[in-house]
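Here chain A shows up in two complexes: once beside chain B, once beside chain C.
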Partner chain A sequence: MKNNRFTAAVLVPSFLFLFMFTAFPVVYGLGISFFDYNPASTENLFLGLENYKRLVRDDVFWEAVKNTVFFGGAAVCANIVITLFLAKIISVLPWKRWKTFFRTILFIPCIAPVVGTSMVWKYGILGTDGGVLNKIAAGFGAAPKNWFLTTLPLMLLIIVYTLWADIGYNVVLFTAGIEGVPKEFDEAAAIDGAGPVRRFLSIKLPLMGRTFAFVAIMTMANYFQMFAQFRIFAPKGGMNNSAMVLTNYIYRTSFISFDMGYASAIAAGLFLIVFVVAMIQNKMMRADWSYE
Partner chain B sequence: MKKKYHYVIVTFLSLFSAAMMYPMAWMLMISFKTNADIRTNKTKFFPEEWTLEGYKTAFAKAPIGHWFANSMFITICITAAVILTSTLIGYVFAKYQFRAKKMMFVLLLATMMVPPQVTMIPRYLMIQKMHLFNTKWALIVPALVSAFSIYLAKQFITDVPDSLCEAAKMDGAGPLRIYWSVILPNIKPAIGSIGIFTAMANWNDYLNPLLMLNDIDKMTLPLGLVIFDSQRTVDLSATMAAAAMIMMPMIIIFILFQKQFIKGMTLSGMK
Partner chain C sequence: MKKRLAAALAFVLSLSLLAGCSGEEKKSGVSSKDDGKTTLTFWCHDNEPWVKAYEEMAEKFEKANPDIKVEIQDYPYEVYNDKIQTALTSSTSGPDVIAVWGGMAPNFIKSDALSEVPEELSKELDEDYMEPTVGIYQKDGKYYGVPMEFNLEYGGMIVNKKLFDEAGISYPETWEELRKTSKEVSKSNGDIVEVKGFEMIDTDALICNYLAMILQQGGQYLQEDNSVNFATEEGVKAMNEILSMVKDGECDLENLTADEYCYNDVYQDKGYMSSVGSWAIGEGTGSYELTYGEDFEYVKVPQYGEDMAFASETGWGIIVPENGKNKNAAWEFVKFFSEPENLVQHNIACNQLPPRKSLLDSEEYKEAMPNVTFLLDILPSGQWMGPYNTSDMRDIFNQMFIDLCQSDNPDVEGALKEASEKITEECQIGYSMD
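Now for the complex of A and B:
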């Protein structure tokens, strides 16, 4: 259909709006990154590339880049392996009731706000006094540990928390994806003598490509933005900034130190990383995935 | 065909589910304990004596009623607006031909790639300049249009047969009429899906309220909850009672409507 007046009446205001809150802020932020910008001061000094020079020399920034990439990479890979496995074993069950039950249970943590469940984990799981981890450690005769003062273990625990809080989504999506693959393919492979694992890896997995691509992209985009759990578990970035991620570093620099110019330069760095990752993903996901 | 390994799987998944539910169960148990009970019976899971003290303290300490009302209002406004804007814009992209359509759609998708942390400083400054800082509108206004929801709506509306629209047009229906009586009734599952996504994301959002709200009375539930954690001596019983009150309504709604929830989630992934 064609109706230019209607099309314009809908699209012009909505695009203006969308750009006002996404594209314009990107440009605005880039602009601020060249200033010594503090919203409270009347005069903000133009610094040119000074903020970027500082960024390159900033150890905390590079630590945060490293942690963000480590967190994103490790958590996304673990998430996909675990959720594919769970989705697969749920989908082979012959009882509908149990399938629904397990999917529901696994999804419950996704419903709750991350700050809420992070706080539950902070005291109930990692807590120095009464947390499960230390209770288990005590069972082995180990002294209680303050996990919040550790480096790598804290990061790994934040990843475990994130998986706990988030696997429900992908289990649901993958179960639907697995069940959406026509049965004939699987049966044909079975007749040819392929075992269940083999069939899953070489028939099901490639055939549910569309779901897989969607899940991988969404999870990746999501994990690079994780913020709330880091604010609860390591508000100041943890021991030696070992749990400092870019989002928290930007937040701290801009809204706690009010050094918004420099924070905008860090944000530009984050934008660059996300852009590069998106490009790589785009290349990898180019393949044609349909089974029609 | 029930086989032995099916029982093995059910057993494994049951244990796994129990472990997954432990943190929630722990939260509920702590919320019904007194702080003295928590201190003295460290290894006990169930309360020595069930009490609502924690809940009373939580209500006395913080304006949870206000937070609840604020969260409710903000979530409902955004969800209603997003359903309207995304289906309308998705409809234009799915059913109308116009110049530079492809490029505009790519631009739309590109806005999804911008992480909120990149734009948060400018957005904060803009909200201040618009005099919306520390009001509900600081959260509602920027969220009225969502690229992801437009994308979802467009995918679903494309599947509505063109012949239906053409037939309605023959009968003299204008574009809005077609939208209302042909498109919307045919994409009800999509509307559910968009509604669930939007409501959940905004109900649980922490970053935006953290940036945009200042007064305790104006906070939303997730933002307010953190206040309990930031006090010097944490009242664990009251904190977990507050956490439980914030989580349980959504969890109960989810369990009641889980079929629709799961269906909505699934549809979004298949498109």
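Now for the complex of A and C:
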């Protein structure tokens, strides 16, 4: 009885926090998606499913869905492959100082604000006049290009930026995952004649299932909600909305057009996509949480 | 003991969480009555000379009304409109008076969160304010905002005097001379025009110049039912003229895609002429620390058509939230602000054009602003851009323009027709103005 009271007392703040700042806003947001909602108005018209019907007919919404899925898929795959590769290289470095040094170098962009680094990339690297990319192109004799007039190249450049800005987290997680696999398995495989690549792919990688599942699900959920870099690189969605993602569309609809009911309907769409993708991932990557 | 301590700590944490959510008074933006004085909070965006001008106005008002204090609070423009929207929803912590951009005003006016302009002031708006300055502040025949300026993005251009002097050429005086000079001085490299001739391809200037070019040919884009139609003979001709500027390498799309103003190129010696409102003079002398008359000048843009005509959107104005605690005092401040002798000083301090007809002949204004006096003559020729959300209108128009520039064989009339329909359908103000 005493323990129950203690448990309840400790859990109440967390549950309160969860309810007030997570569950309630989600339900409230879902609620206002059925209204022509303007928080400044005293009366908001109930529209029923009208906002959702509009969503189905909205070309920009579907373009944003396509771009969000493309960005999420491509960036997450690239992130996992690159971070695994870097983590493996770091884990085989002979000196601990080197390991720390490289982990730190890769982690530095993660602690810099995304808005700030996006601005540096936008004007310093992609800038039409004097940007690093155009200077490199000029070195090869190519004419300078306005990258913000492109469609796929701009999206790919945003992916490259995102990888640069975010890769450090997963490198740290994967390095810890690799180092957490008991050495006995690796040594036994080595005695049986397995090479380093085979040992990594057949022994370490499967045994890192829990780290892998965590990284994949968290990165996917995170990347589907990326916003700041899109707001800086393509604030209006880029050429023909080719870089319009759902988060930016939600922002533009709610804070530029002040159509908050419809923005909530778009947000419900994004919630559904992230939820479905996370469920699929969860099923596919059901990790074995022990090494036995 | 440890468990009790942990439980007590958890309880305190829960309380602090709830306390954080309480809406206690005395936050920024809350009107209050200290020492018998009413404090009004005035919100504006963080344009340095403008903030200074607001502070001077507040000081003058306080002298005339010793029982009222006005506190000026400025915010970065990027977050300013979001803050206004949030403030209008609050019943406890909103400002009393807000400076608002006309293009954003419909988003606030369409709600019932704004206080109606008092009758006496409304009468003045009808009688003494020019049509483009008040258009957007109307709903159901009533006014919900008071203009501070005549917003004009057409008619004047910043010229780089140094570059003109070095090239040994004079400023163009006709449209033909403008295009000829522009072609001669510009230098291209790939997608970039490294030295621009005449620039008007940015978010603000492009549509304003285009509309002026239609109207100056005797055409009209605004139909009787308030729908938009650019696909007229005059509209197609004007669009082809602008497209030829890009094709001839006189200017590029860099500023349009980067959401920057063209005048920056002129101030950075990367362009000769840029069409922009007179407010950009302050940027040259302020942010760029250039000398007017030595480094740059502000002169008339040569007219495209026979008759002077242009369209203008409603500029900066003042609104009073309905939820304000001191509405009467707030309107007193707005009335004081709008009095011709006060307004003209504010317009001078902010490099703005006056919205009142009675100020068009103001000697005080002409004396203080000799470089923009030529604009006063054309102000009566302006028409209101129309009952449209001009930010959304620009997005559609500019995207159409970029697509036309990117196309090898552009269907100008088709693109204009499509953009007109989209603008009419998506950007028209959804409430009755009359």
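In this text, the second predicted complex is superposed on the first by the 271 of 292 C-alpha atoms of A that agree within 3 Å, B and C clash if a C-alpha of one lies under 4 Å from a C-alpha of the other, contacts with A are read in each partner's own complex, and residues count from 1 in each chain.
Simple rule for what comes next: a contact is a pair of C-beta atoms (placed from the backbone, for glycine too) under 8 Å apart; a residue touches a chain by one contact, two chains touch by 3 or more.
In this text the structure is predicted, and so the values were computed from the model without any measurement.
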Touching partner for A:Met119 - first (chain B), second (chain C), both, neither: first
First (chain B), second (chain C), both or neither touched by A:Leu149: second
Which of chain B and chain C A:Val92 touches, first, second, both or neither: first
When both partners are placed on the shared chain, which of chain B and chain C touches more of chain A: B
Partner chain(s) touched by A:Val26 [first = chain B, second = chain C, both, neither]: first
Which of chain B and chain C A:Pro39 touches, first, second, both or neither: both
Contacts of A:Gly195 with chain B and chain C, given as first, second, both or neither: neither
First (chain B), second (chain C), both or neither touched by A:Thr128: second
Touching partner for A:Phe224 - first (chain B), second (chain C), both, neither: first
Contacts of A:Asn240 with chain B and chain C, given as first, second, both or neither: second
Chain B and chain C contact sites that coincide on chain A, given as residue numbers: 2, 6, 10, 17, 20, 39, 129, 255
Chain A contact footprint on chain B (complex, rising order): 1-2, 6, 9-10, 12-13, 16-17, 20-24, 26-27, 30, 38, 42-43, 85, 88-89, 92, 95-98, 104, 107-108, 111-126, 128, 142, 144-145, 147, 162, 165-166, 169, 174-176, 200, 203-204, 206-207, 210-211, 221-223, 225-226, 228-229, 234, 236, 239-240, 243, 246-247, 250-251, 254-255, 258-259, 261-262, 265-266, 269-270
For the chain A and chain B complex, residues of the former touching the latter: 1-4, 6-7, 10-11, 14-15, 17-26, 28-29, 32, 39, 86, 89-90, 92-95, 98, 100-109, 111-117, 119-125, 129-130, 132, 135, 164, 169, 172-173, 176-177, 180, 210-211, 214-215, 221, 224-225, 227-228, 231-232, 246-247, 250-251, 254-255, 260, 263-264, 267-268, 270-271, 274-275, 278
Chain A - residues contacting chain C, complex: 2, 5-6, 9-10, 12-13, 16-17, 20, 38-43, 128-129, 142-146, 148-149, 235-236, 239-240, 255-258
Interfacial residue positions of chain C with respect to chain A in the complex: 3, 6-7, 10-11, 13-14, 17-18, 21, 81-82, 85-86, 88-89, 107-108, 110-113, 189-192, 194, 252-254, 257-259, 270, 389, 391-392, 395, 399, 402-403, 406
